[in-house]
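Working notes, beginning with the structure itself.
Letters A, B, C and D name the chains as they come in the text, with residue numbers starting at 1 for each one.
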Amino acid sequence: MSRRYYIDFERPVVEMEDQLEELKKLPEAHKPDIIKEIKFLEDQITKLKKRVYKNLTAWQQVQMSRHPDRPDFVRYLDLIFDDFIELHGDRTYGDDLAVIGGLAKLGEQNIVVVGQEKGKDTHDRLRRNFGMPHPEGYRKAIRLFKLAGKFNLPLITIIDTPGAFAGVGAEERGQAQVIAKCLSTLSSLPTPTIAVNIGEGGSGGALAFGVCDRVFMLENAYYSVITPEGCAAILWQDKEKAPEAAEALALTAKKLLKMGIVDGVIKEPLGGAHRDPKSTAGKIGEILKKTLGDLLSKPVDELVALRYERVRQFGVFSDRQESEIIT
Amino acid sequence: MPFTDWLKNRTQKTQEAANKRAVPDGIWSKCTICGKTIFQKDILNNFHVCPECGHHFGLSGHERVMMLLDDGSFSATEEDLWPKDPLGFIGSKPYRQSLNNAIETTGRREAVTTGFGRIKGNKVGFGVLDFRFIAGSMGSVVGEKIARLFEAATSERLPVITVVSSGGARMQEGVLSLMQMAKTAATVEQHNQAGLPYISILANPTTGGVLASFASLGDIIIAEPKALIGFAGPRVIEQTLDEKLPKGFQTSESVLNHGMVDMIVPRDELRETVGRLISGLSPVSSDQNLGDQVV
Amino acid sequence: MSRRYYIDFERPVVEMEDQLEELKKLPEAHKPDIIKEIKFLEDQITKLKKRVYKNLTAWQQVQMSRHPDRPDFVRYLDLIFDDFIELHGDRTYGDDLAVIGGLAKLGEQNIVVVGQEKGKDTHDRLRRNFGMPHPEGYRKAIRLFKLAGKFNLPLITIIDTPGAFAGVGAEERGQAQVIAKCLSTLSSLPTPTIAVNIGEGGSGGALAFGVCDRVFMLENAYYSVITPEGCAAILWQDKEKAPEAAEALALTAKKLLKMGIVDGVIKEPLGGAHRDPKSTAGKIGEILKKTLGDLLSKPVDELVALRYERVRQFGVFSDRQESEIIT
Amino acid sequence: MPFTDWLKNRTQKTQEAANKRAVPDGIWSKCTICGKTIFQKDILNNFHVCPECGHHFGLSGHERVMMLLDDGSFSATEEDLWPKDPLGFIGSKPYRQSLNNAIETTGRREAVTTGFGRIKGNKVGFGVLDFRFIAGSMGSVVGEKIARLFEAATSERLPVITVVSSGGARMQEGVLSLMQMAKTAATVEQHNQAGLPYISILANPTTGGVLASFASLGDIIIAEPKALIGFAGPRVIEQTLDEKLPKGFQTSESVLNHGMVDMIVPRDELRETVGRLISGLSPVSSDQNLGDQVV
């Protein structure tokens, strides 16, 4: 069995990859004999990966979005942006490590980037509260949003959070109010804004970074009003029904693109972003640059008006009562 | 997984709240909170507040209008907006069925009532969320009507008052419900930037995505006494963190102490207070109708 | 000895007043005999009061400003304004009881009033931290300042604080930053603003409420960069020198008026505001109405520009080195 | 009376800081912080930072200019501003005497240096408070020169950088010193509303009225390592409250954790960091001189 972490449905792939590794480890002398076998196995793996990863269910994608090896915000920060200078603190109460933000360059363009950081290992995840910000984290974000607004610096937000934090301090210090403030601040921020969801887009915590001119998602990211587990617990009183809930919630990038909630889906390598963070980062960087070019060609007033129109049109309703379903 | 048992418990809490919210039936009935037996008319004549323990029972949208606005002044913005089932959502029961049940039992087409009326002579935009309709949750129609309310109030330069009691965003419309948070917040921000007053009233319970969007963006925020006000529910937090919650956690009183609301106003003073606030927020003092000068 | 609180130098007055009280308490029968004596004593008291109170030293005025019976903000709130509705909280962390604010009417004019409240008795003083705000108090004030700005409501601030609070929480939650924020917010607030110092005007805590179009002081109020005790401790390493420090600091209303720091001094009854809170409140109310009338006749832009000029011109300096003193 | 022993202790602290701040004399000398014996040149060549313990010794205004600005780029705004003694203040010794002593020993006319120069090619307004001059305290001249700096920078549309180490407002000018807080804050606010960047650097120690005015209003606030940063001094608080202070209370590191500053930057990286911040805050990235395009 592999020492790598894998999700249940990945097992056949991982096992075959392990076999391949074993073969490759054989001493030089044997190599000529097995070179054909290696080639064969590689082909098999490619085919298998396509079969396994090309048609993931909603739930499998949610699992992918939470994969422990999945690149976190810091990884992409390194790979996509230059000259990052981190800015800390909400100037009110604390410096929340679940939110990272600062000045950076995207190509030659100065920008402000603010994102949610889950942490790279257990220790880091603990101090970053698994990417679930406290109110001071949202407040730091608002401070940096406004900094971007003041200096007409394009704002790029990175979304990767299971959601708001169910904790006493977070409630007492008003997480609902500060999330609302994120929404209203972003809705009228006088500068171009782009959000990229790189993994988990959990409810209000994700939306707090998501009211932007353009919103993109990685292929295996999800974006949802509630976690599948939470939804399953309510609807079926059974969190084992999370896969069904994930399906029902229409939370995959593909579906959200079709519904017009997001503006683009960024392809991941077969097997997920963690199998090739660099190429994934390359793709994110590319789309950011292209989009920013578009946005920068418009006057800020127009951008803000269009952003308002964008959120304003979300919603599906009818002009008459829908027919009763047969019960 | 902090979200696992999260909403299971929120539902539980929500349902308990729903059960407790209704004024009990019968000529004589037992208060669901304090257990005292009370002549029902005494509750109804007391703004649906238990005369024994002061518990504020839930109110329908219609009852809120009756209680807060000047007699006969309210005209609802009755757009032909009905809820839809955009995801074909089927949980333990189909969303469409929940909707039709709610429509049938409440006689409403959605959880929200919006319109224009007067409070103590001042013309205002008015919106109310009715907890009886799928826990006052916010889906596309609720978001759209709140958004239209703020847009209309902005263009007519009127204050807005909202009264909410809500379990949050409506799960069954998926991410579309989440987007209503952004939509309503954006319209409140426009209204705000136009220099117009917004007074938000939080009734029991106000949680989740409604608290985390328009309802928290009032220039002035009022809580009804002893309401549950919070993003995540108290039991969820208790279970997630395995720690005892502070006394009075997430009650109006605690939320006031933590600086999140401006005041707690018992229901029998609500109309008076809102009237004074509205007239007090206009630059020139006047008991006259501010709206009249504008519309 | 009187049960009333009195400052050392008030003793002769209080003793004579006590005698008068005793006389007045005598049974009806005796009255005719002593009516002349009462009259005489009353005259004496008036003369004595003039002698004692007309020429208070700086330190005596500081003591008057701290007199336990001196009317607090809440008292004046009652006497000067109508229809007060208190607004609570900083929407961030807490509701600081050392600051009280809300909507009110001054005559027919709607206003926002925000002030520092020391408390009316021991219990009240404790919960109001003796009028020394924590950061959440300044933040509540800023919120209400901005509310006034948004709705073009004139802002009236009431100053009565020993100063900022020397406490761990106050420091950790950034009292210096939030005081600075008070200053910058008030300096550009787009509405008429008037400050009234009713007692203690202690350093940054007082100034945080004092950057206004007009600043008034009660006759016995003081306004200082540092308390006399603090100053004495630094300069003489002896806080018993507070009276000398009070003199050196030029902190009395009269001197500050002469220096152009304040725009007017509001007379108190002989013996201090607490001897007739109603008439004192009446005078404050009058000057507020008159001043507000003046301010409201000017466009807001002009007010803000003039307010800037006002603070901009504070300071005394020379174009050459002052001559050395003889040592 | 919390203020009674308040400043007695602040002075004490301040004097200790002053004693420790100076780089010790002699070819070989003992670091006043870690006690190690060090070749003095090693301190001077190390940005006045002890190579053993990393303590950042105090710097004069001139040294700050040399260290942060491009060679030869600085030109001071040498207005004829000298301090005065408006109150005829006589404490344990006359203010006038303190002033003349300070002028004599420092060769400066006041605690403040202001002017314009370049950082990594970017033209900026620059102000620095020198702790050696009456503890870097802010009286009328300091306030006036800071105010003029921000006004000039606003009209020339330039960023401002300030470096402060200060005991606070200058007692000996009474309420006039207090008013400098209002004055400087008002000019920073004008600069802010013009959309221009202000970077505030806090060196050891930054306390009182300087921290509570312009120095806290930076778009970006940088602290030098292990600086004392607070409004009231730590011992004062300890004595007033009779409680143990948290570890590291009011150090740069604690202040960072409490969200009050953006970053702690060791002195040898300061020039580089400020340069990157200034160029990073302009909408279009450029290693070119932003100032050149404007002036």
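Heads up, the rule we're going with is that a residue touches a chain if its C-beta (ideal position, glycine included) is under 8 Å from a C-beta of that chain, and two chains touch if they have at least 3 such contacts.
The structure presented is a predicted model; accordingly, all values stated were derived computationally and were not measured.
The chain with its Cα centroid farthest from the Cα centroid of subunit A is C.
Interface comparison, B-C versus A-B: the higher number of contacting C-beta pairs is recorded for A-B.
One simple way to say how far apart two chains are is to compare their mean CA positions; for subunit B and subunit C this gives 42 Å. Centre-to-centre separation of subunit A and subunit C, using mean CA positions: 55 Å. Centres computed as Cα averages put subunit B at a distance of 51 Å from subunit D.
Centre-to-centre separation of subunit A and subunit B, using mean CA positions: 32 Å. In subunit C, 91-93, 173-174, 177 are the positions where the chain touches two or more neighbouring chains simultaneously.
The residues of subunit D that reach two or more other chains are 192, 258-260, listed in rising order. Contact topology of the protein chains: irregular, matching none of line, ring, star or complete. Pairwise, the chains that touch each other are A-B, A-C, A-D, B-C, C-D. Residues 192, 195, 197, 219-220, 256-263, 273, 276-277, 279-285 of subunit D are the ones touching subunit A in the complex. Per the touch definition, subunit D reaches subunit C in the complex via residues 1-8, 10-11, 80-87, 89-92, 94, 96-97, 99-100, 103, 109, 140-141, 143-144, 147, 169-171, 173-183, 185-190, 192-193, 208-209, 211-217, 230-232, 236-237, 240-241, 243, 245-246, 249-250, 254, 258-260.
The touching residues of subunit A, counted against subunit B in their complex, run 132, 162-168, 170-177, 179-181, 183-184, 187-188, 202-204, 207, 210-211, 223-227, 229-231, 233-237, 239, 245, 248-251, 256, 259, 261, 308, 311-312, 314-322, 324-325, 327. Across the complex, subunit C meets subunit B through its residues 83, 85-95, 103-105, 108-110, 136, 140, 147, 150-153. Residues 91-93, 135, 139, 173-174, 177 of subunit A touch subunit C in their complex.
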